[in-house]
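Written below as structure tokens is the structure these notes are about.
Per-chain numbering from 1; labels A, B, C and D assigned in written order.
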Amino acid sequence: MGKGRIEAFSDGVIAIIITIMVLEMKVPAGGSLKALIPVLPDFLSYVLSFLYLGIYWNNHHHMLHTVEKVTGGMLWANLHLLFWLSLIPFVTHWVNLNPFDPVPTAFYGIVLLMAAIGYWILQWRIIKSQGPNSLLRQAIGSDWKGKLSPVLYMIAIGMSLISQWAGYFLYTLVALIWLIPDRRIERVLGGRRFTE
Amino acid sequence: MGKGRIEAFSDGVIAIIITIMVLEMKVPAGGSLKALIPVLPDFLSYVLSFLYLGIYWNNHHHMLHTVEKVTGGMLWANLHLLFWLSLIPFVTHWVNLNPFDPVPTAFYGIVLLMAAIGYWILQWRIIKSQGPNSLLRQAIGSDWKGKLSPVLYMIAIGMSLISQWAGYFLYTLVALIWLIPDRRIERVLGGRRFTE
Amino acid sequence: MGKGRIEAFSDGVIAIIITIMVLEMKVPAGGSLKALIPVLPDFLSYVLSFLYLGIYWNNHHHMLHTVEKVTGGMLWANLHLLFWLSLIPFVTHWVNLNPFDPVPTAFYGIVLLMAAIGYWILQWRIIKSQGPNSLLRQAIGSDWKGKLSPVLYMIAIGMSLISQWAGYFLYTLVALIWLIPDRRIERVLGGRRFTE
Amino acid sequence: MGKGRIEAFSDGVIAIIITIMVLEMKVPAGGSLKALIPVLPDFLSYVLSFLYLGIYWNNHHHMLHTVEKVTGGMLWANLHLLFWLSLIPFVTHWVNLNPFDPVPTAFYGIVLLMAAIGYWILQWRIIKSQGPNSLLRQAIGSDWKGKLSPVLYMIAIGMSLISQWAGYFLYTLVALIWLIPDRRIERVLGGRRFTE
């Protein structure tokens, strides 16, 4: 069974999720520069959610690249991941409307945590199906990012209840960990996780 | 004629349907944990509809896998199936707004029933086109799930008029039948229906 | 240059157009059977627009099948066709809100007419690029449907100003001409237009 | 690493962006011909944004055509481009609501400018990865359009603050530069930029 359709379907869902979030950004009330100020948090949360979905698409792309035979279990693990990703616009919208309430900020992190778990399950299914010489297992190496992220999400969720800024800071930090030090730090640490 | 585009188009439509339902989930009014309670039924119906669309995509994926030559009849049968699937967000939304009215609950089931019939027509078209040694006919085996589901939908539609809970219970049950016992029960019953 | 992306992009756009129309169907105000009555015109116009987009996708699918080399002109002709198709949800929505006003009913037809012209331009571009032995020219035969439809649209647009029912009747008739008599009548008339 | 998914994902995102803009076009209030007049600016801005997205898709299509090996840098440069393109419906909507305010008109241009920079970065990444005999470098030639556009955007952004009409005129001019003189002028100037 080819992997073409699991890729195409995931691409479709992630493309839609990443795009509909803009639909939910409220258009500034008026044409002045000042009218842009209340839209700024919306914009920043859109950027953060866009980054997360971009990172997921990127890693998904690389992960699926190692797959040769798609199993039924992978299809369901993939749908499970997409389910949590599809909730990102929902929590993004909720956070936008209540940026300084502990519960929405924590829920943003819970959805990120569940997506990370969903990604981990899919990864585990693929590694399992590839047997002892799993190409994916070699590619992810120590997978320190994959192991660190859920810990940081959990800290962020807890922190959100006290300080929303701390929560947002940690959510942004995890995104940056995935984005920035891909080449140098990772080579040192041995966990390449599909860079280039 | 290749099957690439019928797959791509179906993937696109199902990906959009599965994602736009989140757009229709009402964002909690306020940032408290209590504000999440009225959103819970929305969330549960989203999960159920997501499951149904995931099951359809999954089975569609496997079914098309057996197709070598796409006929005009298949294209139309496929569009007919997609039409009923596209109504799932509509009835999901209606049910969310009126969770304890008999008519919306019954209509949810009617759309599921029509989608099941649409799926059956597409399956029948493919089997017919594959001739006496149809690969698809062998793959579906006794097709006990395909035969049981419409019966359960019809019971659920009738029950919905008396008790909405009974309707929701049966709709969930059909989804679980398709999800859970794929490996063991099916092998016993002889109807593998594309597992793995 | 391969035709994969022109197909993928068109599939994506048509899939989105066909699906977002449901988003614009107003959910019944209340949970009774009576609440469904005012939604009925919406539903019927959704069915009609779904049929039109299905027909376009279907014919587009077959037409592109004959293409081997994609030219820049085809890309733009295709975008032009997609532009008019993308206005179908807009006019469908307008007609739904004002079903018995001459102007929206006529505009529904104008968009259909422009889409038909867009389709014709794309077809002409492809035939031109294929040279004297154009496979597409042979496939469309006399193209009586392609020639009759714009005439019927123009009559329908004119009639809409007097009687909206006459307009709707003709719009439905054109859809049925494309749908129903594909096999028998067309073989007689010599214009197969990609049937099977 | 194949380029299939980067194409599929970009097609998906651009297809969604180009289509959701129609969702935001306000349906005329009433069924008269006069009711269409206030919708006209919406329609014109939709046409302009559709043109821009069509041009981007077209050029993206041709640019990716020269790529053989997709690198991680390209994936991120592509996501960056898609980010700015995804803001086009947002600024289109803002401009529609405030057509004669300097700030929204200027922001429309800023998003176009950022998208042009995003395109340029992706182009530069691809050329860099292709080494000294880069096929893409040859294909773009002098790239006079790619160099002229950002200059015109910057002039347009400045002009928008004084006269919105001047801004709209220049935004339209850039679109036309990309659309119209593809064959003759470009051959003379030596910069073919993927024509045909």
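The criterion applied here is as follows: contacts are C-beta pairs under 8 Å (C-beta built on N, C-alpha and C of every residue); 3 or more make two chains touch, one makes a residue touch a chain.
Note that this is a predicted model, so its numbers are computed, not measured.
Enquirer: Taking all residue numbers at the chain C to chain D contact, is the shared part over half or under half, that is, same or different?
Expert: Both copies touch with mostly different residues.
Enquirer: For chain A superposed on chain B via Cα atoms, how large is the rotation, as a multiple of 5°?
Expert: 90
Enquirer: Would you kindly tell me how far, in whole Å, the mean C-alpha position of chain D lies from that of chain A?
Expert: 27
Enquirer: Rounded to a whole Å, what is the gap between the Cα centroids of chain B and chain D?
Expert: Computed value for the inter-centroid distance: 38 Å.
Enquirer: By residue number and range, which residues of chain A touch two or more other chains?
Expert: Within chain A, residues 8, 12, 15-16, 20, 23 contact more than one other chain.
Enquirer: Considering the complex alone, what residue numbers of chain B touch chain C?
Expert: On the chain B side, the touching residues are 1, 4-6, 8-9, 12-13, 15-17, 20, 23-24, 71-73, 75-76, 79, 82-83, 86-87, 89-90, 93-94, 97-98, 100-104.
Enquirer: Once bound in the complex, which stretches of chain A touch chain D?
Expert: For this pair, the touching residues of chain A are 7-8, 11-12, 14-16, 18-20, 22-23, 25, 27-28, 30-33, 35-36, 47, 50, 54, 57-58, 61-62, 64-65, 179, 182, 194-196.
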